[in-house]
Amino acid sequence: MPWLSTLIAVPVVGAVAVALLPKGADKLAKQVALVVSLVVLALTLAVTIQFSPRGERFQYVETYDWIPSFGVHWGLAVDGIALVLIALSAVLVPVVILASWHDADGTGADNPPKRSVKTYFSLLLVLEAMMIGVFAATDIFLFYVFFEAMLIPMYFMIGSYGGVQRSYAAVKFLLYSLFGGLLMLVAVIALYGIAGRNTFMFPELVGVITDPTTQKWLFLGFFIAFAIKAPLWPFHTWLPDAAAQAPAGAAVLLVGVLDKVGTYGMLRFCLELFPDAAKFFTPLVLVLAVVGIVYGAIVAIGQTDMKRLIAYTSISHFGFIAMGVFAMTADSAAGATLYMVNHGFSTGVLFLVAGFLIYRRGSAYIADYGGVQKVAPLLAGAFLIAGLSGLSLPGLSSFVSEFMVLIGTFSSEAVAGINYAVFAIIATTGVILAAIYILWMYKRVAGGPTAESVAGMKDLNGREKWVVAPLIALIIGLGFYPKPLLDVINPAVDTTLANVSVTEHQAPVPVAEQKGAGE
Amino acid sequence: MEPVEIIQHSGGVIGVAWLMIALPLLGAAILLLGGRRTDRWGHLLGVVMSLASFAVAVLAFVELLGMSGDQRRREIELFQFIPGMVDMGLLIDPLSIAFALLITGVGSLIHIYSIGYMSHDPGRRRFFSYLNLFVAAMLLLVLADNYVGLYIGWEGVGLASYLLIGFWQHKPSAATAAQKAFIVNRVGDFGLAIGVFLIWTTFGSVAYGPVFQVAGQAEQGVLTAIGLLLLLGACGKSAQLPLQSWLLDAMEGPTPVSALIHAATMVTAGVYLVVRSGAAFFPVGSTAALVVTVVGVATLLAGAIIGTAKDDIKKGLAGSTMSQIGYMMLGAGLGPVGYVFAIGHLITHGFFKANLFLGAGSIMHAMNDEVDMRKYGGLRKLLPVTFVTFFIGYLAIIGFPLLSGYFTKDGIIETAMHHSPVLGWLAVLGAGITGFYMSRMVFMTFFGQKRWAEDAHPHESPAVMTVPLIILSIGSIFLGGYLVLGNTLANWLAPAVGGPEEPIEFHFVTTPGIATLVLVAIGAAFAWMKYGRAEVPVVAPRGSFVTTFARRDLYGDAINESLLMRPGQWLTRLAVFFDNRGVDGVVNGIAAGIGGTSGRLRRIQTGFARSYALSILFGAAVVAGALLLVGNI
Amino acid sequence: MNGAIEAPTIEYGQLMPMLLVFGAAVVGVLIEALAPRYLRKAIHVPVTLLSLAGAFALIILQAVRDGVPEQASAMGAIAVDGPALFIWGVILVLAFISMLLINDDDQFVAQAAAVPGSPEEEDAVAQGGAHTEVYPLALFAIGGMLLFSSANDLLIMFVALEVMSLPLYLLCGLARRRRLLSQEASVKYFLLGAFSSGFFLYGMALVYGFAGTVDLGGISSALASVGGQDSLLYIGVALLGVGLFFKIGAAPFQAWKPDVYQGAPTPITALMASGTLVAAFGAVLRVFWVALGNLDWDWRPVMWAVAILTMVVGAILAITQTDIKRMLAYSSIAHAGFLLIGVIATGDAEQNSGSLSGILFYLLTYGITTVGAFAVVTMVRDAGGEAGHLSRWAGLGKRSPLLAGIFAFFLLAFAGIPLTSGFFGKYAVFAPAVSGGALGLVVVGVISSAVAAFFYVRVIVLMFFSEPAADGPTVALPSVGTAAVVTIAAAATVVLGVFPQPVLDLADQAASALFIR
Amino acid sequence: MTTHYLVLSALLFAIGAVGVLVRRNAIVVFMCVELMLNACNLAFVTFARQHGNLDGQLIAFFVMVVAAAEVVVGLAIIVTIFRTRRSASVDDANLLKY
C-alpha cells in the first residue's frame, strides 16, 4: 500500500471536504478537520512502527513518472530524518487544530472580526499535506514544488487570520521565501542540466556533481533558499513579523515545521549533493549560526511582544540546528535533527500557551500582564514548563538535542585551522541568555502582584488541557528517554555523513589509546 | 592510597537504589498532577516519599557496610540515555551514600518541620511537591555515575531552588530573587557544561569510572582547564566568589527552603563536585586545587564579614553559610585529608546550619514572620526549646570545643596550615569573625530587652517543628566527634576519594586550635559588649563605611549591576535597534527602493503618442547601432 | 522573356484552417451587408465560433491524418510545419474563448461613429445590438494571426502583420464605456503600429537588398554563403527586429501596450494579449531562427539586452500601477521578456527544439491564463462600467470569494507558483535556457519574477486581506460565455499545473522537427 | 548608381520618421507614415533593379495595397476621435499615461 501517498492524500481530501461544507457548519468543519488530522496521525504512527531503523536507508519507496520530459517523478520515501519530521508534523497538526478552535470565530478579547472558519481549517489540512510531502519527497523537483506551494496556504493563514499588521507580514513572508525559492529553482535547473542524468531523483544525484566550483555555486543556490527558510541570521527579519502576526496555531506550524524544511534541506541536500562545497562553506555557515544564536537571544531579551520574543528565541535555536548540521559530526548532526523535532514541540507549546494568554487578555504585550500565576496557576505552569524547555532545561527534550549539538560541535576536529570548539563555547553562552529571556518574560507575565487587567482570567479549560498535555508529556518523556528517536535518527545521519565522507558515529579517541598509538 | 575500582552491581537494595530518586519524583508528580484533590493529604505524601527514600538510603548504606572496603564502589546500569555517549547509571559508593543519607535524612526532618511551618499557606501542597522534586534532583546529582547525569541533577536542583525561592511569586522581590538565583547559577553551569564537553572530547567518555581511570594520562593543561571549568560550576551552585550574590537574595524563599536547599544540601553540591573529581582534576598542589583553596578562603572571609552586618536573621545565616562552605572548599582543595574534613564539615554543617535556620524559622513563626533581629530580643524565656536548640547550633558553628563544628572546622584549618600558613591563618581569622557575628545574632535575638512590634505575641512552635530541631541539635553536638575521632569518616571515604597515607590523628591542643578559640572568644565578648549588655537601637545606625561595605554585601550586587546588568541592557537596546533599523531596514529599504524606482520610471510613460514614437525611433537607432557594433567586431 | 508563367501550386489542404477563418470573415462581411440588424448577431455567433472550431478540427485532422508537412506550401510562401500547427492550434483556442468574451453584450459601442452622448448614439442604443462588425473584424484579425505566425517569406509576413493589426486598431476603439479612452487607445495603437510597420518594411527592404530575396530560407542561405559583413544588412535586421519587438511589446518598444490594453474593450485586450502575442512570437522565431539563424552570434547580444530590459521594465513598472488592466499589460511585457529568453537559447538542433517546445508550452499556458484573467476583469463592475482602479477591488474576497479565489489563482499562475500552469511554463523556458548557456538571463528572469510576484501578491492582499469599501463594485452575474471562459481558463491552469505531460509531449512533437525552410 | 536612389529613400524615410515625431496633427502624422512606406517602396524597386529580379517591384505593389487599406482604417479612426474631441491633435489624446 502506498503509505506516503496516502499520508498526503488524506489531508487533501479532508481539506476539500471541509471547504465544501455548507456555510453555517463551523463546528462541523472543526470536528471534521480534527478527525482527519487524527487519522493522519494514526497512519503516521503505523508508518513509524513499521519503519526499521537499521534497514534500507529509504523505505516506503514510491516512484511514479510524473513529468517524464522534465525527468520529474512522484518520488516519495522516508529515511530516519524525514520520518521523525513527518511524525512531528502529524503530531502538531491535531494539537494546533484543537488549539485554534476559536481563532477564526472572532471571539477573543481583542475582538477580531469573524472570519471563514472552514477556510481556515481546510488551509490547515492543505498545509499538513504539503508539509508531509516536502519531507517525504525524494525527487528534488517534487521537493521544490512542495517547498514553494507550501507558502500559499500559510500566506493566506497569516494574511487573512492574523493580527493588525497581518498583510505586511504575510507579503514579507511570501516574497522573502519566494525569492529564496527562485534562486533555488535556478540551482535545481542547473543541477539537472549539469548532472545530465535526466532525472531529479535524489539518490541518483548524490555524488554526481564533482567539480568544486560548480558545487559551490549550486550549494549557494540551495543554501540561501534554506537560510531564508530556516531562518539564519541575517535573513531572519521576516520571521518575527510573520510569527507575531500569524494566529498562534499558524505560528506553531510556521516556526515548528515550515522553517524546519530549511534546516532539513541543509542536511539532506546541501551536505549530500555538494559535500566539498559544504565543507568549504562550513566556517562561514558556523559563523552565521553562532551569530544567530547569540544575536537572536539578545534581541529576544529586548522584545516587548510575547510572540516576537518567542520568534527571536527560535532564531537563536535555528542557529543551534544549523551549527549542528554543519559541524558535521555524528553527534552534532543527530543532535540537530533531534533538535528540529524537540524545537517543534517546545516552541509549539510555548506559542500555543502564549496564544491562550493573548486570547484571554487581548494583547501580546508582556507589559499588559502580571501575576497570572496567582489567578491561572495551570496556565502559568504550562507557560513555565514550555519556557523551561525553551531554555533547554535538563530533563526536558530540548536539553538532549542542544547538548548533543554543542558537544558534537565542540568535539569536531579543527578544519582549515579553525577549531570549532570556539564556536561551541560562544554558542554555550546562549544557555545563559536563554535563561534570561525566558525567566524574565515569565516573571513579568506570571510573577509579581496580579494586574487588574488579568484579574478575571480563566484557567486552562478542558480543550486547552488536551492541547498542552500531550506536548508536555512528549517534552518530558523525550527529555528522559530520547533513545527511541535517536535510534531512528542515528543510522540516517550516519549515512548522510558517510556520503559527505565524514567518519561514522563514534566517540573521540580516549587519551589512553592516543598514548598507546604514540608508543 | 588511591580510590578503588568501580564494580558493576546488580541485585540487593543497591540494585534498586534508583528508588531513592524515583520515589520523591513520583511524589512530586502526584502532587503536581493531582491538583487540589491532593490538598488535604499532599504534605503527608511528601513526607512519606522523603522518608521512604531515606529508608532506601539507609538500607543501601547497610548493604555497603556489609562489604569489604575495596568492594564499596558499586555501579548500577539504568538505561541508555544518549546512545553512544551517555549510559545513565548510578554510582553507590561511600561518598555518594554519605550525601544520600544527609539529603534524605535532613531532608525528611525539614519536610516534617514544614508541615507545621507551612500549615497556614494555601500553596502547601505545591510546596511539598517542589521539596520532593528537589530531593529527587539532588539525589540524582550525587548518585549519578557520570557527569551528564550530575549535570541534569545539577540543573534540576537549580529548578527546584528557583521554584522554591519564588514560591511566593506574587512578591516581586521573591520573583526577582528566584530569577537571579537561576541566572547566576546558569553562569556557573556554563562552565560546568564546557567542562563536560572537554571531558568528553579528551577521554571519549563522561562516566566517572573510565574518565578517572585515564585522567592521569591527559596533558596537564587540559586537566587544569577541566578543573577550573568545573570549579566555575561549583562556584555558581555553592555561592562562592565571584558568583555568590544570589544566595543572600535566595532567603526570600520560605525558611525551610533556606534550611534544606540554601544551607544543608544544594549549596554543598559544589563541594561534592570538587571532591568527586578531586583525584582526577584537583590533585594536591595542582593549579586547579590552589585556585579552589583561594576561592574558598576568599569566600569564607567575605561571607563572615557580610554576616557581621546583617540585621535580617536569615541573611545573617546566609552569610555564614557562604563562609562555612568557603571552609569546605578550602578543605576540598587540600587532597584526601582535606576531603575528609571538608565532607565532615559538610555533614556537620548540614546539621547545625539546618538547625539554626529552622530555629530562625521557628522564631519568625513566633514573631509573625519578622526577620529583623533589631525587633527581637529577650526571646529565650518564651521560646525555650527553640532557644536551647539554636544555642547548641550556635556553639557548634563557632567551634565550641567537643561540639561538631569544632572537630571538622579545626581539622580544615590545621590541614590548611599544613599546606600554606597564609591560608591557614586567614581561615583562623574567619573563625574569629564567625564567633562575633554568631554571638551577635544570639544576643540580639534571645538576650537584652524586648524590642518587638506591639502586635507580636511570641509563642513556642508546635512539636512537629520543635522535634526536628531537637534531633538536629543532637546531631550538632555529637556528629563531629563521631566522624573525626578514630578516623571513622576517613576510613569510610577512603575507597571513594582515596585516603591519606597514614591515618590522621586529631590533636586537641594545637597553636591554630588555641588561636582559633581565643579569637572566637574575643569575637563573642565583643559581640556581648555591643549587643548583649548595651542597648540595641531598633533602627540600624549609620555604621562606618566598613559596616556599610558589609551591609551592601561587599558591593557584590553593585559590581554585577555596573559591570554586567547595565552594559547588558545597553547591548540589548542596541541589538533591538540594529535589528529593526539595520537588518530589517535593509530589507525594507530594498523593497522601498524598487517601489521608488517604479514610481519614477512610470513618469516616462507620458501618454503622448509622439514621445512613444520617439522612444521607438531611439530604440531602433540603438538596436541598429548595437548590431553594427557587434557585427563589425 | 517568354510569357510562359507556370501556375503556382497551392496546397489547399494544409492552408484550409486559415482559409476557413478568412472565409468566415468574408461571410461575416456579407452578413453585415445583407442580413437585417436584429438577425445579424444571431447569425454571426454560430458562424464565427463554428469556423474557429472547424479550423481547429482541421488542424487536428491535418496533424493526425497527413502528419506534419515536410516543405513549405503555396510556393514556399507559407510554412505549415510542426510549430505552425501548434501555434495555430493555440491561437484558435485562445481566439475561441476570447470570442466567447466578445459575445458578451454591452462591451461594444452601438455606433462607433456616433459622438458619445449625442442623440445619434442614443437612438443607436435604442435600436439595440452592439456593432456586429466586431465578428468579421475579429475573424480577419485571427486569420492574420494565423498567417503571421506561419509566413515563410517576409512579404507575406508584412501583409499578415497588417491583416492582423488593422482590424485590431478598429476594435480597440469600439468600447461602449469610457469612449474617450477607447478611441485614444485606438489612435495611439494605429499610429504607432503603422510607424513600426514602416520600420519593419524598411528593414525588409534592406534585407532584400542584401539577399536578393525575401524568402526566409533564401535569406538564410544567402547569409550562409556570403557571411554577412554588410552594414545595410545589420540595419535591415535591426529594423525588422524593431517591427517584431513592437508587436510583442519588448522594451523599449513597449510604450503602447499599457495604454492600448487599458483603453481597449476588455475582450479585445484579451484577444490581443493572448493571440497577438502568440502570433508575434511565431513570427519572431521564424525571422530570427530560420532567416537569421546564421547570424545568431550577431543578434544574440542585442537580444540579451532587449530581453533583460523587457523583463526589468515590465516587472518594475507594474509595481506602482493602479489600474488592473494596465498592471496586466505590464505583466504581459514582463512575460514577453521571459519568452525572449527562450528565443535566445539556441544551439544545436536538440537544444533548439528544447527551447522551441518550451516557448510553445509557455505561450499556451500564458495565453489561457491571460484570457481568464481578463474575463474576470470584465465581471467586476461598478457604475461607470468595469472597476478598473485597483482600490475598487479591495475586499472582493469577502464579497464573492469564488471569483476572487479564481483570480488569485490566475495571479499565482502569472507569478509562477508551483502547481499552476505558469510554473511549468516558466520552467519549460528556463530549463533549456540554462543548458543553452543563458544562465545569466535566467537569473535575471527569476529575480524579476520575484519582483513581479510583489504586484500579483499586492492584488491578492487587496482582495482578501483588506476590508471591502462601502460602495464597492458589484460582481456582474456572468453571461454563459464569460462563465465558460473563466471555467475553462481555471481548469486549464490547474490541469496544466498538475499534469502538463500530455501537452508537453504535443509541444515536443511539434518542436521536434523545428521549422521547415 | 543605385546608391543615389537608396540615399534618397533613406532621406524620405528619415523625413517621414521625423515628421511623425514633430507634427501634431494626426492626419499629417499619418501622411508622414505613408511617406515612410513609400520610401520603402523606392528602396524595394531600387534593389529589384540591382538584383535584376522582379520581387522588389512586386513587393512595391503589395505595399501600396496595404498602405491603401491602412489609409481607410486610419482615417476612419482619426475622424471618429476628431468628432468626439473636435481636435485632430495627437497631443490632446493623453488620458492614458503613467
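A few notes on this one:
We just call them A, B, C and D in the order they show up, numbering each chain from 1.
One rule holds in what follows: contacts are C-beta pairs under 8 Å (C-beta built on N, C-alpha and C of every residue); 3 or more make two chains touch, one makes a residue touch a chain.
Everything quoted here is computed from the prediction, not taken from an experiment.
Here the chain at the heart of the shown protein, by mean C-alpha position, is A.
Here A-C and C-D are compared, and the pair linked by more C-beta contacts is C-D.
Between the CA-based centres of chain A and chain C the separation comes to 45 Å, rounded to the whole angstrom.
Put simply, the C-alpha centre of chain A and that of chain D have 66 angstrom between them. Chain centres here are Cα means. That of chain C falls 25 Å from that of chain D. Centre to centre, using the average C-alpha position, chain A and chain B are separated by 36 Å. Of all residues in chain A, those touching 2 or more other chains are 175, listed in ascending order.
Multi-chain contact residues of chain C (touching two or more other chains): 187-188, 191, 195, 258-259, 454. The set of chain B residues that touch two or more partner chains comprises 591, 602, 605, 607, 609, 613. Interface note: chains touch in the pairs A-B, A-C, B-C, B-D, C-D.
Across the complex, chain B meets chain C through its residues 591, 594-595, 597-599, 601-602, 605, 607, 609, 611-613, 615-616, 618-620, 622-624, 626-628, 630-632. Of all the residues in chain C, the ones that touch chain A in their complex are 397, 401, 412, 415, 417-419, 423-424, 427-428, 430-431, 434-435, 439, 442-443, 446-447, 449-450, 453-454, 457-458, 460-461, 464-466, 500-501, 504-505, 508. For chain D in complex with chain C, the touching residues are 6, 9, 13, 16-17, 20, 26, 29-30, 33, 36-37, 39-40, 43-44, 46-47, 50-51, 53, 55-56, 59, 62-63, 66, 69-70, 73-74, 76-81, 83-85, 90, 93-97. Residues 17, 20-22, 24, 29, 90-91, 93-98 of chain D are the ones touching chain B in the complex.
The touching residues of chain A, when paired with chain B in their complex, are 172, 175-176, 233-234, 236-238, 295, 298-299, 301-303, 330-331, 371, 373-374, 381, 388, 393-395, 399-400, 403-404, 406-407, 410-411, 421, 424-425, 428-429, 431-432, 435-436, 439-440, 443, 446-450, 480-483, 486-487, 490, 505-512, 515.
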